[in-house]
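Below is one structure, written out as structure tokens, with a few remarks after it.
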Amino acid sequence: MPKCLVCYKWTLDEQDIKIKPEDLSLDSSRAKGKISDFDRNAIEEAALLVEKNGGAVDALSYGTPTVKQSLKDCLSRGPEKAFWIGDASAETADASVTANVLAAAIRKLGQYDLILCGEGSSDLFNQQTAPRLAALLGLPCVSFVNRLSVEGDVVKATRKLEDCVEAVTVKTPVVISVLSEINKPRIPSLKQVLGASKKPNEELKVADLGLKPEDLQPKAVRKSVKGFVMQRKNVIYKESSAADNVAKLKSSLASEGLC
Amino acid sequence: MAGIFVFSEDIALAGQLMTPALELKQSLSQPVIALALTEADAKVIAALGADKVIVLQSSAKWVEGFSEAIYAQVSIAGASVLLVGGTLRGKHVASYVAAKLNAGMTTDAKALRIEGGKLLATRVLYAGLAVCEEEVTLPAVATIRARTFLPPAAAATAGTIETASVESDARVTVDEVTSTSAEGIDITAATKLVAVGRGFRKKEDLKLAEDLGSVLKAELACTRGVAEDDHWLPIERYIGISGQTVKPELYFAVGLSGQVQHMVGCRESKVIVAVNNDERAPIFEAADYGIVGDLYEVLPLLTAALGK
Amino acid sequence: MNFELTEEQQLIGQSAREFGKEYLEPIAVDLDHTGNFPKAVVDGLAKHDFLGLLLPADFGGAEAGFVSYVEVIESLSRYSAAVASIVNNHTIAAYTIQHWGTAAQKKQYLHDMAKGELLGGFAIYEHGPTPGVGPDALVAVKHAEGYVLNGKKAYVRNAGEAGVYVVFATTDPALGAKALTAFLVKADTIGIKVGEKLETMGLKGCPVADITFENVVLPESALLGAVNGGVAISAKALAVASVAEAAQTVGIGQAAVEHAAAYAKQRVQFGKPVATLQAIQTLLAEVATDCHLARLGLQNAALLIEEGKPFEVEAAMIKSFLVRLGSKMLLDTCQVEGGFGYSEFMPLPRLFRDIAGTNLLDAPGDFPEKLIAASIA
């Protein structure tokens, strides 16, 4: 009967972000919010664990006040209760601030057997939150998990790394980060969507978390963001004769010293 | 009270980290201290210019289990910067240490320098859509992926090697490790690649690309669909946002459209060439050279022409 | 005045779009080619509560409102209007039972309809000039145990797959449509014969066929609403259906304009993407505008339905608007894509046929303009 907590991030959908051609700056004015893709997998995994073993899932998110828009979306996907921190500090928070805030909130919320996160957020993909949380909470961390099971207080996880698959065992409480391949997040049914508004959510205030001012001070600050635009020669051969095109390409490759 | 620390469980990557480390040494006038897990690794790093290498000895071998010990070393020395090889294990370790240091961390830095007493790092955002510069106050942690830098030349004098007996995190037990590098082919090491996409109709047709690869002396790579959906090539050859990132001299894209999720894995290639029968395919915007045509017609002609 | 959907409505739309992308997109082309009823997808829709969307929770429905419903229909229509049509026809049948059925009738049918175990069909049209008139008119003759029905219903959607039909028959051929009466007829009732499936122009996969009634005996309990109350019932039901069908049209139009816009951004002619050419910009702009305005209009009508307020004029306006402009949306987007888009392996030809089919469907009243003019003059 594991008590699970899933930490998720409410991000801008990167597909809606446009690059302004004049100065390559980013225009996210039309970008809609979404629960970060990998966090959806984490929520789904927690929901699956609880469906199998009993127990409960809570969700926790730290973001700007717009994080409120994420609550029903999150609660329609399995968690029973959502805790949220909507604070202006999230606008400039880096991974260290995020972890400090989440860890402080978790200390306040009490004991969980499993704390789950996505391996990284879909917007910034820092891939830092889970190990940071583990370090701050004094818990073990199993990262990059693509298979997870729980029996009593024993957690078995399979990690997929670049050159190997690693099977590990660890006792709860533990922090887990999951890969997107671990599951396919369910499409919430209408009843789940409508049921979400009946589930409780609770706001936590940063001021009540017992943090020191320096804990909220970002150590990594974004100085400039520019859309990536490929600058390439774009010499495209489209004669009607394939043989002609091939001959031209061969010369080009030769001029680059590639053949 | 200072130091530029370097760590990777992958010795080749650790060697590559020495290049930015030595640059930071110039800027900060601080020694480069490398952490290694074996004596053999230590010797390699010492020879590349680390002032000191500390071998962390423990009976347990789980890399991530050394996080606390690495933190201890870094904090005792009062390090300014910790560079960690950006493998998945490395990111786990680096994040843990960063949290204990209450430090900022840049993941997958593409470039690093010291400016105004801070670490200025360049990295990618929004699944490859954007590039940003991050300013991190010291002490700062950064992970760097393989092949971002080349290793430096051998140093004039090798650094000293010490050993330290450390505790490893015993809370996690490793039951089994199964190797997955099927053929031992590392496409990230290839200097030339021929990448195939779903323009190929059957698995057997990949032979056309293989033949081209032979005359070019290029390895075969592919898009996500070819590996994950069609299973025509192993996942190690998949290049893209959740696959491999490569920086070869030549990236020859055949029958692939050039979506950003794929291109983010290869867009730093020196020369990109494309063959596609759709003039409108995004790959042509991303290519230096290209042919609009049917790959079934073009490839044999090209292979023949280049083979001469 | 808040033009934004509520969070629930947005999330419901999101679920429908995700469902569409996951389950409808992969089958849309095949469905259009084979016309085979997509049972697996319909079962999936049931599991996600889409088939009981409007029904009260007491019957196992999601009890979401009509605004959520049109959001779902538009979202599904972006991927497969044929599937949206199946949902629509079922939902209108369920709606009719919900609003005019007796407690016993609701209990008998609505639970299973909400679960998707019983699909609904709506049999109103006939081959004659109006329902209830002509040699084939469906006539219901009263007798001791109930009614005996003889005649033929035409263009019944979900025919052959539905488990229950809302059927309109005249109790008096002399009075014709004025004596139209609604009945609930189970598909396995003796004497019912579903005709050969029609090879329709579009919306393939949503079965359409005639249904012949040969001495079909119905008990009293099959009467839906009052005797001769069928005109009022069908008018209301069709008006409600027309708002949903407007959403279907907008979904198709939206899919078309997005496809054409993506094409125009990539297609290079005269050295630039054609999206920069004024002619193309005009076409895309008009279609996008029509979709946007139609959507706002139908959402307004949907909200009126949800609030139980008069909505027939607004529904007629949207119907009229889309009849005029629905096909234009596809003509324009086809123009943008030119030869490239003309192949049957591209989506626009299917969307073209689907939107024509959608526009032929139900309207409030005789024809929308009559109702609109009557409301102002």
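All chains are identified by letter, namely A, B and C, in their written order; residue positions are counted from 1 within each chain.
Here, a contact is a pair of C-beta atoms (placed from the backbone, for glycine too) under 8 Å apart; a residue touches a chain by one contact, two chains touch by 3 or more.
The model shown is predicted, which means the values in this text are computed figures rather than measured ones.
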item	value
Farthest chain relative to subunit B (centres taken as mean CA coordinates)	C
Chain closest to the assembly centre - both centres taken as Cα means	A
Higher-contact pair (C-beta pairs counted), A-B versus A-C	A-B
Interchain centroid distance [CA atoms averaged], subunit B/subunit C, Å	54
Centre-to-centre distance between subunit B and subunit A (centres being mean Cα positions), rounded to whole Å	21
Length of the line joining the C-alpha centres of subunit A and subunit C, rounded to whole Å	39
Subunit B residues counted as touching two or more neighbouring chains	279
Residues on subunit A engaged by subunit B in the complex (per definition of touch)	14, 17, 19, 26, 94-96, 99-100, 120, 122-136, 140-144, 156, 159, 161-171, 174, 180, 214-215, 218-228, 230, 232-238, 242-243, 245-247, 249-250, 252-253, 256, 258-259
Contact footprint of subunit C on subunit A as seen in their complex	69, 72-73, 76, 187-191, 193-194, 196-197
Touching residues on subunit B, where the partner in the complex is subunit C	279-282
Contacting residues of subunit B [partner subunit A, same complex]	64, 67, 71, 87-89, 91-100, 102-107, 120, 124-137, 140, 169, 171-181, 192, 216, 242, 249-250, 263, 267, 271-274, 279, 284-294, 297-298, 301-302, 305-306
Complex contact set, residues of subunit C against subunit B	263, 266-268
